[in-house]
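The two complexes that follow have subunit A in common; it is paired with subunit B in the first and with subunit C in the second.
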Partner chain A sequence: MLLDYDRLGWLKVVLLAFTAMVAAFLLLPVVFIVLLSFGSSRWLAFPPPGWTLKWYQELFADPSWIEAALTSARIATMTAILAVAIGLLASFALVRGTFRGREILRGLLLTPMVLPVVVFAIAIYAFFLRMGLGGTTLGFVIAHTVLALPFAIIPIATALEGFDKSIEDAAIVCGASPLQAKLRITLPSIRIGIFSAAIFSFLASWDEVVVAIFMASPTLQTLPVKIWGSLRSDLTPVIAAASSLLVALTLALMVVTALLRRKLQT
Partner chain B sequence: MTEPFLSIRKLRKAFGAFTAVHDVTLDIPKGEFLTFLGPSGSGKSTTLYAIAGFQDPTSGDVLLQGKSLLSVPSHKRNIGMVFQRYTLFPHLSVAENVAFPLRVRRRPDAEVKRKVADMLALVRLESFAERLPGALSGGQQQRVALARALAYDPPILLMDEPLSALDKKLREEIQTEIRRIHRETGVTILYVTHDQEEALHLSDRIALFRDGRIEQIGTGEDLYLRPATDFVAGFIGNSNFLAAEHLETVNGAATVRLGDGSLISGINANGSFQRGQKARLMIRPEAFRLDQGSTGAELAVEIVDVAFYGERRRIVARTGAGQEIDIRPTSATLATQDVETRHRPVFFDPGAAFLFPA
Partner chain C sequence: MSVEAQQGIASKRIPAGLGGLLPALTLIGLFFVVPVLALLLRSVTDPAPGLQNYAALLGDGTYARVFFNTFLVAAVVTIVTVLVAFPVAWMLAIMPPALASVLFGIIILSMWTNLLTRTYAWMVLLQRTGVINRALMGAGIIDQPLPLINNLTGVTIGMVYIMLPFMILPLVGTLRAIDPMTLRAAALCGASPLAAFRRILLPLSLPGIAAGGLMVFVMSLGYFVTPALLGGTSNMMLAEMIAQMIQSLLNWGLGSAAAFILLVVTMALYALQIRLVGARRAAGGA
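And now, the complex of A and B:
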């Protein structure tokens, strides 16, 4: 191959350095936040003069942080369930359907991924205000589901495309009704895609902040909204602690996904 | 006459302007192994899929023991099917794959267990029961698919080119298995293939499809020794077609003049010919005799090439009219000096030669 790593020669060094820089650029801020959350300085000074867990104590002692985290988890879970359910049905239509306008529908379902989030947020805010859904859990879940849908459809549709429909036909000839065949054969066969869809939709809602800021009310805040709000009112290392937990949970989910994928694929 | 077991009545399937199957009518007795043979796009698979219920025919009917199957959805037809592609359920073990049709029929556990054991024994894969399909070779997967298709004792087993993804040696091995299983179970089998050798090896009867119609139906011998059309003669086995001019036909025995001017009489005439009509004379490569003292019709040729193929020799010869023909005498009946003369006659039985319209 033209760009074979082993044959790059001195360019290898350049490539490695560049890659390291990109990785550092992406990861360093996160590493800083995590370090600061354990630092004893009230003013987020770096390097920290000493190490402490008191910001975490403060975080867990404040019911509003706990509540924000629980709200986030609740909304993200509901979003994941809804996005997977709709994504599954949509994927069958997009992959197996032969109707007119299928490609347009596919584009439409994937637009939330390319549309500027602020534009979407303002539009849905105005709409939900009129519908009386502003500041409600339902409103949150609907808005996040729309945003999460592309992340659900892409892995499920990909898995379904890779699944030979003859296998489903074989189940039907064996005596399974078309619905039974889908539930007992097709869904288990594309479970990796469904599982990825669930994780990605959960994360799409879990760390979403723009739409959440518009949807939030003083009584209903997700964790990212609470972090953003606190950042503006008082800059405290508790925010760093909360952010670290957010990152930790996200990382944990990604690791679990990777491990499960490996297990399911063998 | 007793009612046929499976009956296909004037089955027609059109896709828009294209008609894939033209009014196919066919009766299949119980326990028969019938093969649909034909080139791709000849309508053989479409016919099979209409019987399975995956294609709704445009018109016509499919009757099983006198009852129409068309209003019965696929999953209630109780038909077994083995597909061209590997269709084992990837997340279920071999045993669970075979058990699946019994489980959806809610058969008791003890029966399922017994039947799965029987079926795996039938296809000789008992020791693979707990494996996942991914850990099996292609041939093993198709044998499990066969076990799964037979687990619920279906009256008919449909097989859609089940061996086409396998290599030649494995294919022959599984053909032998399929013959044995057909013998042991007595199930009625409809088998689709484009491979004439496979069809000849397996079938009681062969229906040769061409452009959505059945060109000829009969035993392998019928099709090989008594082809109804030049298409059948060309599709089954190897054939030489010589340009000829029809002179006269008396009691089905035709006399023709070949391109080099020689006359040959006593040929099987398919259809009626006018005097002077252009025709094609079909002679199988193995019907030619080269040994001294051979009788029958004579054809003067020039030997172009001789190759040794073990049990047979393969000779390329040129007729007086300049047409190349293929001759395959058995090696045992041919001495080397027989082919040393470049210009010589070859002989054939005109009763084993056929005349078709050009």
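And now, the complex of A and C:
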């Protein structure tokens, strides 16, 4: 009865206890960092001697943090738009096309996801140095779009595979042009896939560290590069404050995703 | 039915649609394939044509230790991740939906939280004067702080933390696909829980374990951030060494060669993964 939740007996207690411990382990760093950001100890003593907002004040008083966050937001937004647009076109071709070698091309487009990022990072770094794109917003967006493309293609292609194409054909039979049918029938039907693609490609850029470390210049650095630099010099609680805001953003993103999914599915 | 409509339907049967791939292929070709090939070329031409970079990497004991460490850390991380993930995935597959969605929420929260944030938290938690050491000393379990960071322990804790969702989530799918009747049948035939686990549940979930484990292993092999921050200098991993060769030593030839070795190993294991589970699932699993 090992797959019967109600008939597991004593084993259920053991397994549930273990699962609860793992859940605590998964939550620990996230909760800890938020508590730490309100602690008054500069040396990160925990539990903190008192509570304070000064790390947040320090964070917002430092224009380099704000600038890094804005840079990240800008690059991630452009990356998400590009990746979803290119991924959408590619997904249609991969799912609907009848040409040979589709599987190979799909594999090629998904390779950036499996190749260790550090290999791509030094390759694109060397390439951009020669092309004069190193340390530019355009360079960042291109490199991040390469990395984000698989995360855009997978959900869109999956949604498209689950969409009954005869509905689109029906619209064409009823007089819609193929483009109209795609825009007004197919795209709205696969919107959950498109939406997931946008979130995932945004996060792929927003959280990206390795390429960013190589590409960043003193005048252009993303938030992960800023955090990376601070981490290597000292473990100031200001990082905890910045991290807590990132956790808040993640939570907001999760809530928005859940709500939108519910709304889109009905 | 109008003529255009008929053409519209017919046009999708023709092997067209390749045009839609053009932007993606241009992007990947120009900014992924070309740079990676250029790097490969550099590994055999910088500073002089020949294979001396590979000879240096494979013939030197210092580098051999880095390769060994990389595989060691990846193997340890994979084994621990599989052992921790299996019971959780098992429970997730059969627990009531309300409870499962809470647990899924926690997993997604940890997975979506910024990588550096999570690593920073572990740096603070595991340091000599960190919470974990203080708690253990306060409880009287130890009287000296344990070295939990800048060594294998630190990397393993940090990496397992990151890899767990990648193992748990696909494994839930595998376990849910197993028909509970097979286990009921085993129980009816008199199999003890242990026998049913060993002879039915484990073998049936083995494909999922193998696929997930291989993915965790491949991802761990090339990981950079967490080992660089939580690991020690004495157990440096390959990705960190590559970054160092390029960034600090500016030794492009050696760095490119090391990167190419990492690429070959990763791609070979990835090919194995595809043979195990098929192309779609291999890529979709991440």
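Things worth noting here:
Note that the second predicted complex is superposed on the first by the 263 of 266 C-alpha atoms of A that agree within 3 Å, B and C clash if a C-alpha of one lies under 4 Å from a C-alpha of the other, contacts with A are read in each partner's own complex, and residues count from 1 in each chain.
The criterion applied here is as follows: a contact is a pair of C-beta atoms (placed from the backbone, for glycine too) under 8 Å apart; a residue touches a chain by one contact, two chains touch by 3 or more.
Computed from a predicted structure; not experimentally measured.
By the document's definition of touching, both partners, subunit B and subunit C, reach A:Gly175. When the two structures are aligned on the shared chain, A:Ile185 is found in touch with subunit B, with no touch to subunit C. Of the two partners subunit B and subunit C, it is C that touches the larger number of subunit A residues.
Contact with subunit B, but none with subunit C, is seen for A:Asp164 once the two complexes are overlaid on the shared chain. Once the two complexes are overlaid on chain A, the subunit A residues touched by subunit B in the first and by subunit C in the second are 169, 172-173, 175, 177-178, 181. Per the touch definition, subunit A reaches subunit C in the complex via residues 1-5, 11, 15-16, 18-19, 22-23, 25-30, 32-33, 36, 43-46, 85-87, 89-90, 92-94, 96-100, 103, 105-127, 142-143, 145-146, 149-150, 153-154, 158, 169, 172-173, 175, 177-178, 181, 203, 206-207, 209-210, 213-214, 224, 227-228, 231, 235, 239-240, 243, 246-247, 250-251, 253-254. Remark: subunit B residues 52, 54, 73-81, 83-91, 100-101, 104-105, 145, 148-149, 152 touch subunit A in the complex. Against subunit B, in their complex, subunit A makes its touches with residues 164, 166-167, 169-178, 180-181, 184-185, 188-189, 191. Across the complex, subunit C meets subunit A through its residues 1-2, 4-5, 8-9, 11-25, 27-28, 31-36, 38-39, 42, 84, 87-88, 90-96, 103, 105-110, 112-125, 127, 129-131, 134, 161, 164, 175, 178, 180, 183-184, 187, 193, 196-197, 200-201, 218, 221-225, 229, 239, 242-243, 246-247, 252, 255-256, 259-260, 262-263, 266-267, 270, 279, 283-284, 286.
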